Amino acid sequence: MRRALWVELRRGTAPYAALAMFGAGVWVLAAHPDDWGGRWVGLADYLRVSLLVLCPLMVCAGAWQAGRERRRDIGELIAATPRPGWHSLVAAWLAVTLAGVAGTAVAFGGAAVLVARVATYAGGDWWQRAAVGVLALAAASAGGVLVGRRVPLRVAAPIAGLATYLGLAILTYWNAAPARLSPAYDGRRMYSLVPEWVIEWQATWLVALTVLLLAVAVRRWRVALLAGGVAVAAAVPISTGPSWNRAPADPAAVELVCTSSGPEVCLTRVNAFLLGEVAAVAQPILARLDGIPGAPRRAVDHTVRPAGASVAEDADTVWLYLDFQATALGGLANAEDLRTAFRQETGWGCAYRLQGDEFDQRIHQADNMATDWLLDGSGFWAEGASAGLRELPPSAQRAWFADYLDAVGRCDVPALVRLAEQP
Amino acid sequence: MTTVSVAGLRVSYGNRAVLDDLAIELGVGVHGLLGPNGAGKTTLMRVLATVLRPDRGEVRLLGHRTDDRVGLRQARRRLGYLPQAFGFYPRFTVREFVEYFAWLREMPAARIPLAVDRAIERVGLRDRADDRMKHLSGGMLRRAGIAQAIVNAPRVLLLDEPTAGLDPEQRVEFRTLLRELGRDAVVLVSTHLVEDVAAACARVSLVDDGRLVFAGHPEGLIAAGGDGDSGDSPIERGYTAVLRGARQVSR
Amino acid sequence: MTGRLLRLHLRARGASAFVAGASAIALLAWAGGTWLAAQPHLGGPAARLPVVVLAPLLAAVLLGPTLAGADEELERGTPLRWPAWRVGHVLLAVLAVATALALTGLRAPETFGAQALARNTLGWIGLVAGATALLGARLAWLPAFGYGCVVYLAAPRDAGVFVALWAWPVQPATAAASWLAAGGVLALGLAGYAYRGSAVGHRLPSRPVTI
């Protein structure tokens, strides 16, 4: 077996499969580094999301490899040999699988090096999630092998690949329980723990599916029946069990890490690698607000906001949304987006609530002034709006902002109009 | 000693019987299998190679019945086969290709490297052993095909048109190889080149329209021909005479 | 005479299998597109993006094997005006596939419907034709398949002319640059295929090239 495997690894579809998987992996990783940068769980989840692309490629490679006997018209020669058919088929499948997984591993391994440099949370079940992804790749190549062996169509390989693509895409769209059997998922579950039983059943389901597909390819009906039984047994609890989409939060992952000096900025442990850069953006703004009645005093990671989290909702806190805020190297992707969070605090809600006749353009003017003042003259869309305000003495500026917050809180239109015209 | 025996063999494609009630016994030595196109030579080869299951009849290879699963596997371990249309993997090197078939024939792993080298050497491809198959000429490919057929030192060797694509010099060398292989194995060579049979075969069988119409020594076939028969050599005249006689009888 | 030649040509290239396959794809695209468009939680007609990307791609992959005869060199040795035949062959396929698929996306044709289906047909068939000239009909599906698999997930979330150019299959039909890109791919692929025909790889001696 080792001899045949070695030859297949070098001369079969395997080298191309490795190259394709590596290329696709790098491309997909490079396309959305904000999904995985700096976070182990993010990277594992991104592998699962990428299965939408990687599984079809594996199916195609498996089908191309298994269709070789027919393409090269060598079935006659092989039929006269004593070795059971499944030996060469398993060798071929193993070669494609190992090569494909290796290609993927190199691409994601590169990303893992980048993550390892900065990651602040290595716990959770990220490696189990990634392992299920690898099993899915093996199952995909087994599916390809089955198609290649059984379908005498010249374009069987790409058609099977694209059909897999379509199937997985529909499963991610399909909001029903059986869709959970798909190893590729859409959402990000960075802050929660997938229940252990789910991971165990998913692994069992994928292994049984692999064996089933291979057994059907070589017409080993008894093995196929057995594997099919196991696959069904594993599929039932996955598709009928409670949904894990709202799995409980991973307490260690959402534990807050806060700045030790200056105004308080707290991020979850998962996102804590961004703390330095986030604090550099948030602290000057918080410092300007310090002491103003009704103004927020600290900035906290949005993740802990849902019910059951450790921090209750209060007006003292600005919530920072950090899910797509990492670059591949672990830096902050977009400081402007963070500033937007503070802009929300300047009460745009009131302008939105007013309709038709009540609305006065000067309300916007007041909002723009407040935003620009808060962001120290660099307000997005409102740059320079607070120039007049900032010429006043500091205490007057702060008094104006306190009045503004008060007026916005009550949605007091005359007060806002007055504030817009005041300085 | 008889090592290949076939009795009451019938193979048909649809309603047309390609082989009908054919019986043949082959012992150690080189056997030529002659016959016109469509006579059933390749079908007989495929039955003996165990890739085509006959409709009726018994096939024994080295004492094993081919309709018995265990016996079939035993027989296939000692079987070498080169089909007429012979496929190959273009990206494999000659060595890898022969090695792969040694593995498929379930040779003990420890013996494979030496056996592969020896098979490649015997067909004269030693200096091309590490070339990819796609870079070989037609004659070299044929020889690589012969190498895979002999790698497991088969006791039954079936070669369907092995000399197609070989140049005259290679054919002479090939005949020497055949005689060498025929010392301790049953070698059945199907061919249209009757002079190959005269030169290399100890025995010759002639098939026409699915039936065995002649079995004996090449000298016997030569003796069957007369001056009035068409052909440029004595054995060609014998060949046409036997065929004509068989067709007259069947009418 | 040309009519009979045309019939023989289409038969030699397996046109009937292609028509059957393309019809099946059109039916699936219609069913899939209608289902997706009817799912309000997915965003209505805009959810048809996977159909818009994959249906024309599948049709183009099926077209691949028809772009070469059983023996390309044998055909090239004949005095027929092959470039014209090749162009005609591909354009006929583009017209047939684009029409069939566009008919499946008539509901809200501007949001990932008929227009985008037609544009992607141009692009994918162009890519397959170009790949045939470079890699041969046997592997013509490879670049389109690989690109199609990755572009859907790898397309950036932001829009722009450059993105519309390289990620043309996933752009809304209103992005002019995506039409430019798809049309350009078709023109290039068509020119390459008309000029070179299907690439002939290593010919395996002593036996016909198997596909």
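Read from first to last, the chains carry the letters A, B and C; within each, the first residue is number 1.
Basically, a contact is a pair of C-beta atoms (placed from the backbone, for glycine too) under 8 Å apart; a residue touches a chain by one contact, two chains touch by 3 or more.
Keep in mind the model is a prediction, meaning the values are calculated, not measured.
A.B. asks: Would you mind checking which chain's mean C-alpha position lies nearest the centre of all protein C-alpha atoms?
C.D. replies: Ranked by how close its C-alpha centre lies to the overall one, first comes C.
A.B. asks: Compute the centre of every chain as the mean of its C-alpha atoms, then state which one is farthest from the centre of chain B.
C.D. replies: The most distant chain relative to chain B turns out to be A.
A.B. asks: Averaging only over C-alpha atoms, locate the centres of chain A and chain B and give their separation in whole Å.
C.D. replies: For chain A versus chain B, the centre distance works out to 62 Å.
A.B. asks: Would you mind pulling out the distance in Å between where the CA atoms of chain B average out and where those of chain C do?
C.D. replies: Chain B and chain C have C-alpha centres separated by 47 Å.
A.B. asks: So what's the Cα centroid distance for chain A and chain C, whole Å?
C.D. replies: Here the centre of chain C sits 32 Å away from the centre of chain A.
A.B. asks: In chain C, what residues contact two or more other chains?
C.D. replies: 207, 210
A.B. asks: Please output the residue numbers of chain B that touch at least 2 other chains, ranges allowed.
C.D. replies: Only 85-87, 90 qualify.
A.B. asks: Could you say which residues in chain A touch two or more other chains, in rising order?
C.D. replies: Counting only residues that touch two or more other chains, chain A contributes 72-73.
A.B. asks: Write out the stretch or stretches of chain A touching chain B in their complex.
C.D. replies: Where chain A meets chain B, its residues are 3-4, 7, 10-12, 68-69, 72-83, 88.
A.B. asks: Write out the stretch or stretches of chain B touching chain A in their complex.
C.D. replies: 46, 49-51, 72-77, 79, 81-83, 85-93, 96, 99-101, 103-106, 109, 112, 148
A.B. asks: Touching residues of chain A toward chain C in the complex: what are they?
C.D. replies: It is residues 20, 23-24, 27-28, 30-32, 49-50, 52-53, 56-57, 60, 71-73, 154-155, 157-159, 161-162, 165-166, 169-170, 173, 175 of chain A that touch chain C.
A.B. asks: Tell me, which parts of chain C touch chain A in their complex?
C.D. replies: Counting only chain C, the residues touching chain A are 32, 36, 39, 41-42, 47, 50, 54, 57-58, 61-62, 64-65, 138, 141-142, 145-146, 148-150, 152-157, 207, 210-211.
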